[in-house]
Amino acid sequence: MIENPPPWPNGARCAVAFSFDVDADSVVHASHGANAVRMPHALAHMRYDPFVATPRLAKMFSEHGVPMTCFVPGWVAETYPAAVEAIVAHGNELGHHGHFHEWPSRQSPAQERESLERGSEALFRLSGKRPRGYRAPYYGLSDSTYDLLVELGLTYDSSLFADDVPILLETARGRLVELPVPASIDDYNQYVSSRAFDYLMKVSPPQQALDVYKAEFDALREFGGLWVACWHPAVSGRPAQALAIRRLIEHMQAQGDVWFATLGEIADHVNALVDAGRWTPRVEKIPFYSRPVIDLPA
Amino acid sequence: MIENPPPWPNGARCAVAFSFDVDADSVVHASHGANAVRMPHALAHMRYDPFVATPRLAKMFSEHGVPMTCFVPGWVAETYPAAVEAIVAHGNELGHHGHFHEWPSRQSPAQERESLERGSEALFRLSGKRPRGYRAPYYGLSDSTYDLLVELGLTYDSSLFADDVPILLETARGRLVELPVPASIDDYNQYVSSRAFDYLMKVSPPQQALDVYKAEFDALREFGGLWVACWHPAVSGRPAQALAIRRLIEHMQAQGDVWFATLGEIADHVNALVDAGRWTPRVEKIPFYSRPVIDLPA
Amino acid sequence: MIENPPPWPNGARCAVAFSFDVDADSVVHASHGANAVRMPHALAHMRYDPFVATPRLAKMFSEHGVPMTCFVPGWVAETYPAAVEAIVAHGNELGHHGHFHEWPSRQSPAQERESLERGSEALFRLSGKRPRGYRAPYYGLSDSTYDLLVELGLTYDSSLFADDVPILLETARGRLVELPVPASIDDYNQYVSSRAFDYLMKVSPPQQALDVYKAEFDALREFGGLWVACWHPAVSGRPAQALAIRRLIEHMQAQGDVWFATLGEIADHVNALVDAGRWTPRVEKIPFYSRPVIDLPA
Amino acid sequence: MIENPPPWPNGARCAVAFSFDVDADSVVHASHGANAVRMPHALAHMRYDPFVATPRLAKMFSEHGVPMTCFVPGWVAETYPAAVEAIVAHGNELGHHGHFHEWPSRQSPAQERESLERGSEALFRLSGKRPRGYRAPYYGLSDSTYDLLVELGLTYDSSLFADDVPILLETARGRLVELPVPASIDDYNQYVSSRAFDYLMKVSPPQQALDVYKAEFDALREFGGLWVACWHPAVSGRPAQALAIRRLIEHMQAQGDVWFATLGEIADHVNALVDAGRWTPRVEKIPFYSRPVIDLPA
């Protein structure tokens, strides 16, 4: 089904990256502004992330020898340094997720650049490394984002439902590796129901969420693709939900032919393949359009 | 349960048509106008359709010897000609789906006519044939649509949840065959969750979607009806979802008594039955009403 | 669990009434007014009811020897007399469901009275009988409804999620039997997804809907209660959904101790028990409140 | 998975508290103000709570020897004293749930204090005891709530999704025990679909709700945590839903190592552990923030 799957290291049949958006309560502030501090219920719901869930998941993944890729907004890293330390201590990757988790497409290019610089700086101060990959807060990419990422020297993005294998994004200023996420993999959709997040949705039994994730994995493994989780510790790091992840990891490990990697390692692998002429990914030129296709009346 | 099922060719017990709305990113432009080009996430989500999903599905259906009917907006055909070629190369039918995927009921009759003419022209230029059937973008039929379709010489429509077997639509200017879609068959409902499409919905495991589709098929087969999928490559052409379709095709083929056809072939069969006096379908006169039933205060 | 279940006829363990709101496209007109006639998709979706689903269900229930109670708006009866004849021909009960399916709580008392009189008159003209029971369109009871029902001589209402057994509604002008509906029994919730009805909801596999209905039945049977379906032919009278009902009927009949009845027969039974002093139902005085409990600022 | 579980009494592996918000129709008045009295359907839906469901659940839990914790708004206690008596008669705990079920974060501090005082007074008049624990109506805590609860002498709160074990809330005026609720445990999410409550949601089969609740319990038991139901009699006290609870209780009791307690007993246990220096819970300082994190333009 996948026309042109990349060769994965050591003959692995597919690649798996467990990535988490470590948002903590940044989303409450980003959505509700000054009013957020008067919303104790929503804040506590999300502070579960750095105080309970992120350390738990870091430990659980470490016990299974599986790496995580954690996209952490700069403000979250500054506010909850112990959670970031738990991520880094187990050898996981830190990725860029903006500074205050602002919606990029609602920012001016100057504001977006400032958020990207502050977020990167915050992760550097804590971990000694600058993030090499990006996931857009709210998946809310602007039409400036990719230019800015190239300009700031990032290697990859993981914000699109664009393909089942890595592709290249070619901007006027240079290229990025895009590591696409399956369209159905989000954990909010399975587990979150909250008016504060404008997200009233049915809560699934963990077994049903697992059926969704597992069906994606089984298919992508059969065809040689890339499986990327896009989850949130405050959501998937709770006890019953973490147990479901453990069952999924065990199912994946039982196959014996899966490459578990960080997104950074996968991006490096793709760039090495491309530079060596061993694999030619699909290329998307950015921007997709230089002018409007339809100009609806306002 | 079906009072007056048509005789199907070669004694088949029921008819099955897999139809897809090949929307690509036209729906993003049609819904968001000039702002669409500043929404890279939504665009990439839907560009998966022509670049990945449509060629994949065309190949998969071909391998099973089952035809597809693909409703393609004119702009999509012009923008992604390779996807249209993949459809046509495997002998599938191209159907009419407007030009820019505009909502017909929000157009003036003149605008709607222009969209219908441009859409038809675009498919003609690419395939050498004019489309013979229509599905309304967003199912958003106007009160002019059927008159326009007859005037433009189309043979059938497939936009209504009107019956379990074909019916005839009788307009002042002539007749159309209506090939109705089961009310529960839509794949957005099973798999899509997206704020950009104003469609926040729970994502199902593919097995649950398959249970919905299969229940419709099993019942329509038992009673001699017509089963029509109304799906979208960007949604159902992803790996786990395509595998679910493959399982459904195998279930249908295992019955041994199913007529797999394009909607055009089914419309021709209906017209032949009617002209030969071998079967009398139900007739709906269009318009349903010549004046308002209730005139609510604005 | 049920403290005071009524004695059911012939030692039956519980009572079952399959009631349907035969709305046809009245809901499209009632919700969209003059614009409804320009919505062919929504109209056809609901015209399936009188042309296909209602005759089908009437036949299917008759074959199983199980009666239906059909709440039909007056306008629907006038517009689709053949569907009403199919209902009556099999000995089913016609109930009152307004005239144009207007929302009662949005009408003045004079308008509501007029709708009730026209609706009753329409059913009388077609069937020779006046309806004895009422279900409020949209469950949208006004604070005048029960007074009007008593004044017009109706025997029962079936619009409340008030109890698991019949209760009495005591108004200043007289009493009504209330035959309550289980809160989770609605078929729109299981099967309908439609923007035109402002009802975007996940579509269930019929087996899942059946699990909901069956769980209610199994519990109400265990405790001696009353199970009332509140369904719609355009929704539940489609092939896969009708088959699910057939499976439910077979499950119920296999118990051997279920009283299948119309709501009118159940109301008569309740009144007979009460008049004979054999059973004392719970009484709700109408109105529930004579003045506001909280007066929020506008 | 749980880093620092508390020692539970008698070597129990986990603690379980079944808490119910006995809202009756207070939510209709709180949401719709003076218009609520003109909404008979919504009122009857919720009056099921005191007249049918609460006595039923009190009896069922008593038969299983399992205590309930019932959060009852003051107005509900005054309006339906028999329901409160049924709760108290079986030795269950009454908790504070405001007076009219007003949204605390929409009240001024003076209004919120008044509601807290009236609610407490009403429960005292009926039961002879003042409530020792609180659950915020709508989970809608204000930034004054915790200060007010300490000032009024309450011992615990149970309104946050903050952890999997008890934590301490430290305010400027003193401390409270927080007994957190699992984020996915709400019964509205599983069973309620109602426009009147602005809560159009898919209704689950009871077995699916049970799968959600049971997965939370199995995980929290495995790791030594606290499982707290947050349910509503009008929702979970209906026959099929009550049977699902009965199955859950039986599953829990079959483990043999579960401490079934009221939330008040659990809070006392936590305070005793802390005072004896036997266990050190996590502490959250209240308020979480003294000034806004982000000040969005209005």
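The letters A, B, C and D name the chains in turn, as written, and every chain counts its residues from 1.
Everything that follows uses one rule, which is that a residue touches a chain if its C-beta (ideal position, glycine included) is under 8 Å from a C-beta of that chain, and two chains touch if they have at least 3 such contacts.
These figures come from a predicted structure and were not determined experimentally.
**Q** Quick one: which chains contact chain A and chain B both?
**A** none
**Q** For the Cα fit of chain B against chain C, please give the angle of the superposing rotation, nearest 5 degrees.
**A** The superposition gives an angle of 90 degrees.
**Q** If more than half of the interface residue numbers appear on both sides, call it same; otherwise different. Which is it for chain A and chain D?
**A** different
**Q** Average the CA atoms of each chain to get its centre, and name the chain whose centre is farthest from that of chain D.
**A** That would be chain B.
**Q** If you average the CA atoms of chain C and of chain D, how far apart do the two points sit, in angstrom?
**A** Distance between chain centres, rounded to whole Å: 35 Å.
**Q** Taking each chain's centre as the mean position of its Cα atoms, how many Å separate chain B from chain D?
**A** Centre separation, chain B to chain D: 49 Å.
**Q** When you check chain B against every other chain, which residues touch at least two of them?
**A** 202, 204, 208 - these are the residues of chain B that touch more than one other chain.
**Q** Pick one for the touching-chains graph, please: line, ring, star, complete, other.
**A** ring
**Q** Of all possible chain pairs, which ones touch?
**A** Between chains, contact exists in these pairs: A-B, A-D, B-C, C-D.
**Q** Under the stated contact criterion, what part of chain A meets chain B in this complex?
**A** On the chain A side, the touching residues are 1-3, 105, 136, 139-143, 145-146, 159-164, 180, 182-184, 186, 189-190, 199, 201-202, 204, 208, 211-212, 215-216, 218-220, 222-223, 225, 282, 284, 286-289, 291-296.
**Q** Flag every residue of chain D that touches chain C in the complex, lowest number first.
**A** Listed in rising order, the residues are 25, 29-30, 32-34, 36-41, 43-45, 47-48, 51-52, 55-56, 60, 75, 100, 102, 191-193, 200, 202-208, 235, 238-240, 242-244.
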